[in-house]
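What follows is a single structure, and I will ask about it in a moment.
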Amino acid sequence: MSEKIKDNVIESMKEVWERTKLLHDAPNHYCPGCGHGVVHRLIMEAVEELGVMDRTIAIAPVGCSVLAYNYLNVDTQQAAHGRATACATGIKRVFPDKIVFTYQGDGDLAAIGTGETIHAVNRGDKFLIVFINNGIYGMTGGQMAPTTLEGAKTSTSPDGRDVDLMGHAIRIAEMLALLPGAYYITRQAVNSAKAVRKAKKAIKKALQYQIDGKGGTCLVEVVSNCPSGWKMTPEESNKYLDDEVFDFYQLGDIKVPPKEEK
Amino acid sequence: MNKKQLMKGNEALAEAAIRAGLQGYFGYPITPQSELLEYMSRELHKRGGAFVQAESEIASINMVYGAAGAGARVMTSTSSPGYSLMQEGISYIACAELPCLLVNVVRGGPGLGTIQPSQGDYFQAVKGGGHGDYKLIVLAPNSVQEMADFTYIGFDLADQYRMPVLILTDGALGQMMESVVFPEYDIEKNRTNHSSWATTGRVNGREQHVITSLHLQSEDMEKQNQILQKKYRKIEENEVRFETIQTEDADFLLVAYGLSARIAHKAVNLAREEGLKVGLLRPISLYPFPYQAIEDLSAKVSGILTVEMSAGQMVEDVRLAVNGKVPVGFYGRMGGMIPQPDEILEEIKKLYSPKRRQ
Amino acid sequence: MNEEIIIAGFGGQGVLSMGMTLAYAGMVEDKEVIWMPSYGPEMRGGTANCIVVVSDDKVSSPIINKFDTTIILNQPSMDKFESAVKPGGNIVYEANNVMNPPTRDDAKVFKIPAAEEAKKLNNPRTMNMIILGAFLAVKPIIEISSILEALKKVLPKRHHHLIPLNEKALRLGMELVGKD
Amino acid sequence: MAKIRGHVIIKTEECKGCDLCVIECPQDSLEMSKSLNQKGYTFSILSYDTCTGCTNCALVCPEAIITVYREGKKVKATRPISKGQSV
């Protein structure tokens, strides 16, 4: 199909999907097929659609998404490893009208930052935690994470995760759902168009709760892939999610807000 | 309104911070600074600020990072082991150039140590403390009044230079009561508007603001370091603070800061009663350190004695200032023990020589 | 005038609040004051002490190891602080709680049966005020009226009705000096 | 087969060749190139005129480099269509 034909075709059509303006016009540095790019996009779409760019503050973690502010075109603070939720608490407590979300991987949120995560949620601090769970330390080269599945091979569990030696995979979302401060906790994925649509809805819903000042912390976990770390093609990694990972990390809402008063 | 009150040092500091327009306090209990946290928990909400008792000192300092990054006037306070825990966060704050006030009510260490007063955190306070090349402005009060006064000054300096300011005090000053008068302070006039760089949301669609300490390109990281170093040179030029007591005719000099300076002052009085012409120089800003003032005085005295509640930390800076011109002795107690005036007098007598250099 | 005092006893005897009352009263009279508590685990049921300095001039060191007056409310404190009184200074101690009287012959010693007298007032907690009264008889550095003013600061509002009782205790303490 | 006609434009120079859009396309309209872009990746291209503009490719694209067009009435956009956007 030549360029000429394209132009003719488009003239008679409407644009139904384009890149949100709240993503910087720059290519990201993530590996081919990595879910980070999709989740970045979904959050920015939600912020744009909700019209809260002028009061949104993102908190970037340490990990692959440490440079998230190069892609997310909103005010951003880059937090110390594991401390994104503490940072968010600081902002949200002094400036309750700001819309604050943290963007954290499993190493950041579920290992070094477990304490900060639990206590932020336990205080019910009213911000959104976007938790990217791909069961591995991507940035440092594919080491075992707390969320790594039993038997999974990583560079620090070369023979597969032995739970007797290395502990068990941790279901952070279920754990946090036990806390009264948790308002909305859901587990989503982005490995198919259908999943992406659902994930987008969840993120938007969580941000809407925050805009409405609803009580508590929201957490959207996105069970994602790491083709490089898992040593798979993007296609294989997405299939692996369907075949293996979602058995352990079951998708869906884990805690939903109590029925809203009429 | 500004009447004399009898207050604990910790409480005076807390009250001063609130009067200086504090918007957020984040802290964790540790003796001997807990009164500060407790005072904030009672007062700050009532007076328009946010108070959070964090789950750790690590969380506290990162809450400070977040709120300071969003442009708020914020602080935390702790004591030695807690201050060690905060070092990573302070390094981030220094690099990201965020204004905030830190308070370390020092206790005896190392390790869990003791809850009694100490000055064993001097190195950590003035040489950086965490990783990388950075400094904090460090102010050392020696009375309850100064605990309050330096809080106002600390916030203003933090805003002016966009950096953390540390009030380095100790358990005794935190716990003891003295009279204090809170000065008039115009919050609106003194609090800086940080909207040109703070993360507030992209108001009116303005350009994105980013708070980060990450510069992956070495060239960029060096550039950021140069910015910091330039700032530190400016501070060294403009913000040196010290006090001299009876140095005009002194032929022997004591150098001490904080609580030790109060004790050394008494030792000066005792020495003078015995006819020994002893003076005292008290560094008030520990960074920037009054190198020049000490160097100038060292040209006139026959010897110097540094007194600290440590194994000898500030004495290294005194020696740098003196640069071998006169002998610099040291007397210190450690681990929560406090030097007594008569002990200091004994040390003075060992080193004293009436020959005044001219 | 420059009076350096240590008050020592065990937790619950009102050691810290006695010192604080004295310090407040000094401030009422526009004197320079310092109140320095011992703090930490010993506060919670063990021995407690505080240093109070009341002076016409600015006080240099709050850290002091020789005192003009030591006020002693139990035996361990006597063992520890008897030697801390300056030659010519005063030792004021509570008779019931101290088994072994001080042996210093270069200091003036005042034995006050405050605990016994407090019982007579039907309020054992007034013991510290009886002792304070005794001290003020020995060293009249502060007016009673200033002490009463200070009590308004030191006592929580719900206990302000006890101020007359405290005054009674103070005056009783003053009368006890020199009676033993 | 397709009742609604659609079209996509892919910024091929920013494509990393992850192949996910090709897999996700229900109409098999996309395929990977044989040649490489300047970054050294194969890139996805619209090769068959079967596109319905369903946006699946754009939704799974981690690079957000696919713009989707559609004709017909049943337009259900994931976000408001921007005005004055030149192609």
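Chains: A, B, C and D, in written order; residue numbering restarts at 1 for each.
Heads up, the rule we're going with is that a residue touches a chain if its C-beta (ideal position, glycine included) is under 8 Å from a C-beta of that chain, and two chains touch if they have at least 3 such contacts.
Just so we're clear, the structure is a prediction, and the values are computed from it rather than from any experiment.
Asker: Compute the distance, rounded to whole Å, between the mean C-alpha positions of chain B and chain D.
Answerer: 60
Asker: Averaging over Cα atoms per chain, report the distance between chain C and chain D in Å.
Answerer: Taking the mean C-alpha position of each chain, the two centres sit 86 Å apart.
Asker: So the centre of each chain is just the mean of its C-alpha atoms; given that, what is the distance between chain A and chain C in Å?
Answerer: The separation of the two C-alpha centroids amounts to 64 Å.
Asker: Please tell me the distance, in whole Å, between the geometric centres of chain A and chain B computed from their C-alpha atoms.
Answerer: Result: the chain centres lie 41 Å from each other.
Asker: If each chain is a dot and touching chains are joined, what shape do you get: line, ring, star, complete or other?
Answerer: Its topology is that of a line.
Asker: All pairs of touching chains, please: list them by chain label.
Answerer: A-B, A-D, B-C
Asker: Write out the stretch or stretches of chain C touching chain B in their complex.
Answerer: Within the complex, chain C touches chain B at residues 20, 23-24, 27, 30, 32-37, 39-41, 59-66, 153.
Asker: Which positions of chain B touch chain A when the two form their complex?
Answerer: It is residues 23-24, 26, 49-50, 52, 54-56, 58-60, 62-70, 72, 74, 88-89, 92, 199-205, 208-214, 216 of chain B that touch chain A.
Asker: Would you mind writing out the residues of chain B in touch with chain C in their complex?
Answerer: 4, 6, 31-32, 115-116, 171-172, 175-179, 259, 262-263, 265-266, 269, 338-342
Asker: Help me check something: in the complex, which residues belonging to chain A touch chain B?
Answerer: Those residues of chain A that touch chain B are 52-57, 59-60, 66-67, 69, 73-80, 83, 86-91, 93-95, 98-99, 115-116, 118-119, 123.
Asker: So in the complex, the part of chain A that touches chain D is made up of which residues?
Answerer: By the definition above, chain A touches chain D via 1, 6, 9-10, 12-21, 23, 27-28, 30-38, 41, 45, 48-49, 190-193, 196-197, 200, 227, 233-235, 238.
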